[in-house]
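Please go over the structures that come below.
Below are two complexes that have subunit A in common, paired first with subunit B and then with subunit C.
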Partner chain A sequence: MRRPVLVRRDEALRGGQPLAFAIGLAAALFIGVLLLLGAGHDPATVYQRMFEASLGNPDAWSVTLNRAVPLGLAGLAVAIAGSMGLWNIGAEGQILAGAMMAAWVARVGDGWPGPIIIVAMLAAGAVGGGLLAAGPALARSSIGVNEIITTLMLNEVALRLVQWLIHGPWKDPDSFNFPLAPMLPDQARLPVLFGRAHAGVILAGLVIAVFGLAVSRSVWGYELRVAGSSEATARYAGISLSRKIFTVLVLSGAVAGFAGAIELSGTADRITETISNGFGFAGIIVAALALMRPGGVAAVALLFGAVQIGGQSIQTLGVSSSVSTILQAFILFGAIGAGVFSQYRIRLVPGRRSVLEESVG
Partner chain B sequence: MIDSAPTATATVPAVALMGIWKRFPGVVANAGTHLTVSTGTIHAVLGENGAGKSTLMNVLAGVYRPDEGEVRVHGRPCRFRNPADALDAGIGMVHQEFRLVPSFTVAENVVLGAAPPLLRRTAFEAEVASTAARFGLAIEPDRLVWQLSMGERQRVEILKALWRDARILILDEPTAVLTPAEADELGGVLRRMADDGRSVIFISHKLHEVTDFCDEATVLRGGETVAASLTVADTDSAQLAGLMVGASPAVTERPPPRDPDAPLLEVSGLSALGDRGNKALRAADITVRSGEIVGVAGVAGNGQRELAEVIVGFRPATAGSVVIDGTDLTGATPRQRFRAGLGYVPEDRLGVGLAPRLSVVDNAVLRVYSDYRRGPFLAADRARAYCQDLVKRFAVRTGALTDPVAGLSGGNLQRLLVGRELDHHPRVVVAAQPTRGLDVQGVKAIQDLLVAERNAGAAVLMISEDLDELLMLADRLLVMQGGRISAEFDPVTSSRQDIGVAMVGHRSDAEGRL
Partner chain C sequence: MSEASLVGLFAATVSFGALLYLAALGELFSEKVGILNLGVEGMMAVGAVTGFMAAMETGNPWVALVVAIVAGALVAMVHGLFTVVLGAEQVVSGLSLTILGIGLAAYLGKGYVGRPPGAELVPVDWGPLSEIRWLGPVLFRQSPIVYLAVLVGVASWFVLNRTRVGLALRAAGESASTTDVAGHSVVALRLSGVAIGGGLAGASGAYLTLSVTPQWAEGLTAGRGWIAVALVIFGAWRPGRVAVGALLFGGTLALKTRLQTFGVEFSPILLSMLPYLLTIGVLVVISIRVRNRPSPAPAALGTAYRREER
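On to the complex of A and B.
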């Protein structure tokens, strides 16, 4: 009897990634058809709405781009740490911390000229995210405390801080006792590019490009990649690991904090406890799908954003949010997850399953 | 199943491995190896690292499929497709790395995967306890595994095999993690198992354990069986040592001797702790002069790895000093030492010497990348040009230079690594197991590079478990035993037998057991 097994290719299949993308997307859309039919919807109408709402016209693009900004920056934050083999699970909290710092600057700087207040907010956002990550960074680099646990736990701390602020010191006196912070002043809003797309799109693109270049081309990035490949090799090459770990985790937090400031200044009216909206966790998926390469994060985030926006839009057709979420998951998994399979080929081998044999042989 | 097999009589051996071949890319691990184990005995499989012991045992345990050859268990030919098949045939293996769930109890680990349908904790704990008691394994079934010592964890692994009623138990270097007292205790457990009619295969390279515990011994060297089923009682340890290290005729190919000049590497009174906090290196004194290769021989685990790591700055010295070319570098970083002219070929190529996920270019400049700075960037064009040159001069066969280095074969990986270390003409070279696992051509290439470096005036400290290699290349030969430099030999005049005995240490010598 022969059975199929997946064997890793020595070299990636030429043109395999785009092909896998197309096949995966088609398969996901086909499964989606079954899902939608089962739920009693017309697949053609639903797909048309999804496409139109996310990529069908400039306005739709602007909304998708706005969504891709926090996804991409959070993904970048995770990928920076990931290229050194570190896991920053705290982007969610770091986004909140960045938004808090930016909101504080907006309060303090009420009345400053627009450009200054915006630059100050964005810088404060990065500082906020970096500060929240500094604790885990120090603990990891000095005594080896697992950063996954510490960054994750600080998410809760950041959330409680925001809740305290909007229930307490920052509560808007004109909000009829609702726990709401006051609206941002107009000069603290990022300028609009087109449709609803704000200048954060360009800023995020720049930040991703700069870090992508830094990781892949700079001496700093080289040291990062060596350390991510093997810690012992890094020591052998004379790279100071503890300093590297500290700076990388703080930078990772700063990028997430920057995303929080952009969200506040670009799309939100005021700081809320939901401003991070799961972007920090989605960023882990974005980074993983981009194989921890900062360069790949932008493309994944764009697709992710389009699927999210399209998926939300079909709820107006009466598609329940759970069906919409399942559909989004299928498309993401199919389109991007399939890329992984282009690195494998199928081989028929005799006999039963033998995991070890495959991994060794 | 065992029951349906012909009843194990004295004439049908428990295990017969015949003409086993197993090749890995660039390495032949087993070259027609054979092994016969009688029922109810403890059978030692002896050999140096790389002799093919572990591969052979993995073939028997169903982890690897042999390329050629036959496996017979109690006289029945078997073709195991996976470890579960081997287990069904009554073969259990205790690997060097334990495969336990740290957060489970001893009993839970023992029954994991072979549990009774209804998990009644008290019931199976009692059963596990009684199995343990029957074989004299001191263990409390309700303890959590992460709280156990290495010796206790090993008992859990043995219990796992016994729980599955393994009639044949393979232990891969079981005493490596044990204290001497624990090792003696293990010997008692194994004897009880043999008396119970089970067969034990005991892989080791510690001779005193073989002579203490085992009934028969098979010696492997270079993937071949050099002595099969010797009766241990009739064989003395010097004879076994000789078989292990080989007694091939005198080496013909010897680099012409060269008058050593100034001392370039001076190690004095160097001591260091091992990974488990043990005193792994004890007051080592070594001087290597310009234009000489000093070989360090010894059975694995006698401080050679620690010696290399302390010299290159990977492991802190607890006492003593390292002087390179007249400069005291005892507390220096690995990079400072490299800059001072110390090249290092580490034992673990992909884990230490190279960054496996990075490209060939990135790995070629690993030691000198700061020389390829252009502003904040790495000058990719210059690095690439250097890499192309390096690859060409050291005959490294690669695919695209931008592909991950992990895709290279073992021999090419080592050429890249050695080439990179030697390209800057270090004054001192420390090479740890530089030819281990390479094919004949690769071995020759690496040896030639090291000899050329010596002839150019470098001081080479070569640590190897391949005594033939050391006898061929070294100008002087040191033997490490129990963390000390225990003897020095002249490779031209010394007998292999004497060196083998020095490597193993005297049985009566208590130090030798640590």
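On to the complex of A and C.
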């Protein structure tokens, strides 16, 4: 009797993560073929449309880039926390909080000149996301409350706060009693670069680059990674853990909140309860696929953005949007699985019933 | 505030409480064996849609319930494969499972949106008990799934705390290596816990489409899976306390649509934040008390076990 076991490789496979992503994508596309055939569609036509609508021409690229912005920033938010071994599952709510603060600035700043109102909105967005993360950050850093659950719970709280605002205080009197906030003033919109791509693409790229460098090259980032890999080492090196945990989680929230402000100012007409659109959760996946490295986040976000935009486009062919949702899930699972195998290999060992026998025999 | 509206409130509290309780007990089993499953929302959605479909095809609500339980367990096995067998990160896999479950439910249920149910689980008639003032409508005119939830709750407590199997299950979540040395298969124990979790989440979803709102629509689960995750913490990983939490959180769900009829000038939307805020509060209290006594959370929760890396 021989049984398979996973054995850690001495060194992770070189290029293992891009490979993992490619395997995930391939597995997902294969399952997609089955789903499409099952629903009576021609997979080749559907996939061609997906590609053309997301990467086929400059206009398609502009839409994909816009989509990569919140995915990349949410991914960055998760990766910043993740490089210290912390989980920020609350990017979804922090995006909403950022959008709320930015919308509030747009309300009170109605009539301010364009550049000022936009800068104020973006700053307010970061503050909003940081504020929502501050509670879990404080609880974690001072008394060790698990940040996974607190950040997760605050997603639902932020969602209801937005619902309350647009059903109540912020309801547009001209909306015929629909729960809708008023449209943003024109000067609160981010300028357009090309096609539909807005200036948020550049801003997001800058923020990702800055944090990528800070985490991988600065003393601050080094301490972060040390604290993430070993608490004891960090203590010995004199790194203040609780302060670090607090700032990292708040920064992580601020980045997600910044994404919310960009979404509001760049692609949305008004604040809605769906403005975060699952980006916060997708960001966790993006960060995980990028192995929590801020540098890798941008590439993964772009690919994921293309899948999402392509997935939306095939609805015009009568394909349910659920197919694209399932595709995304299988990319993740495929990549998670392949990621495991880039660090482990399967070895067949003689089968034994228990460890005890193994060590004795 | 009339008697009828109060009775309605309490009856709905019990009904929503049972809905949350089933899913939370499932998550409890999963976490007891050490596997955090953030895919409850997705597993509920799959249970809801497969239950509805099976009711349409067979006309038998009990068959539909069994189908939903099996479907929930099968979907949970995806999480089991990645986290238990391969040892992948539980948070990421669980969230992926939520996305997969919601997508799968939408895909499967496309032709069933808005259609009338093929079969429903009608409230049990307890004869004279159902006629008792107050108690009758609140406790004795509920869907059979409500009584099932109570049974499962008692059984969970008994199995986990009074049987050898339960001890082994808990051990797998407290100290996997010790369990392994004792000759139990950690993989088998953990997979069972995850499968039970999926089955109960599936049953909870089926309760929605077979009793509560007997219809299928995308987004039907409406974030209740997250409440189930919260409940396990709120109840400190104990079936009895989780039941109390389920009634409390079920009460806020029931009260949400009734605030206006009671003439209360408070936003129902703000009220629905309460379960999440309470859970955070409980977590904070647990963390403060942990300084003097052991945490109620399973010690190995969230960690992978690989014998070769012991």
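The criterion applied here is as follows: the second predicted complex is superposed on the first by the 290 of 361 C-alpha atoms of A that agree within 3 Å, B and C clash if a C-alpha of one lies under 4 Å from a C-alpha of the other, contacts with A are read in each partner's own complex, and residues count from 1 in each chain.
Throughout what follows, a contact is a pair of C-beta atoms (placed from the backbone, for glycine too) under 8 Å apart; a residue touches a chain by one contact, two chains touch by 3 or more.
This one's a predicted model, so the numbers in the text were calculated from it and none came from an experiment.
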Contacts of A:I31 with subunit B and subunit C, given as first, second, both or neither: neither
Subunit B versus subunit C, judged by how many residues of subunit A each one touches: C
Partner chain(s) touched by A:I148 [first = subunit B, second = subunit C, both, neither]: second
Which of subunit B and subunit C A:S229 touches, first, second, both or neither: first
Touched partner set for A:V219, first subunit B, second subunit C, both or neither: first
Common ground on subunit A, meaning residues reached by subunit C in one complex and by subunit B in the other: 353-356
In the complex, subunit A residues that touch subunit B: 10-11, 214, 217-220, 222-223, 225-226, 228-230, 232-238, 351-357, 360
Complex contacts: residues of subunit C adjacent to subunit A: 36, 38, 78, 82, 86-89, 91-93, 95-100, 102-107, 110, 177, 180-181, 183, 223, 226, 229-230, 233, 267, 269-270, 272-273, 276-277, 279-280, 283-284, 287-288, 290, 306-310
Subunit B to subunit A touching residues, read off their complex: 63-65, 81-83, 314, 333-336, 338, 344, 346, 348, 350-358, 362, 366-367, 369-370, 372-373, 376-378, 380, 399, 403, 407
Residues of subunit A that touch subunit C when the two form their complex: 5-8, 35, 39, 87, 89, 135, 139, 143-146, 148-150, 152-157, 159-161, 163-164, 167-168, 278, 281, 284-285, 288, 320-326, 328-330, 332-333, 336-337, 339-340, 353-356
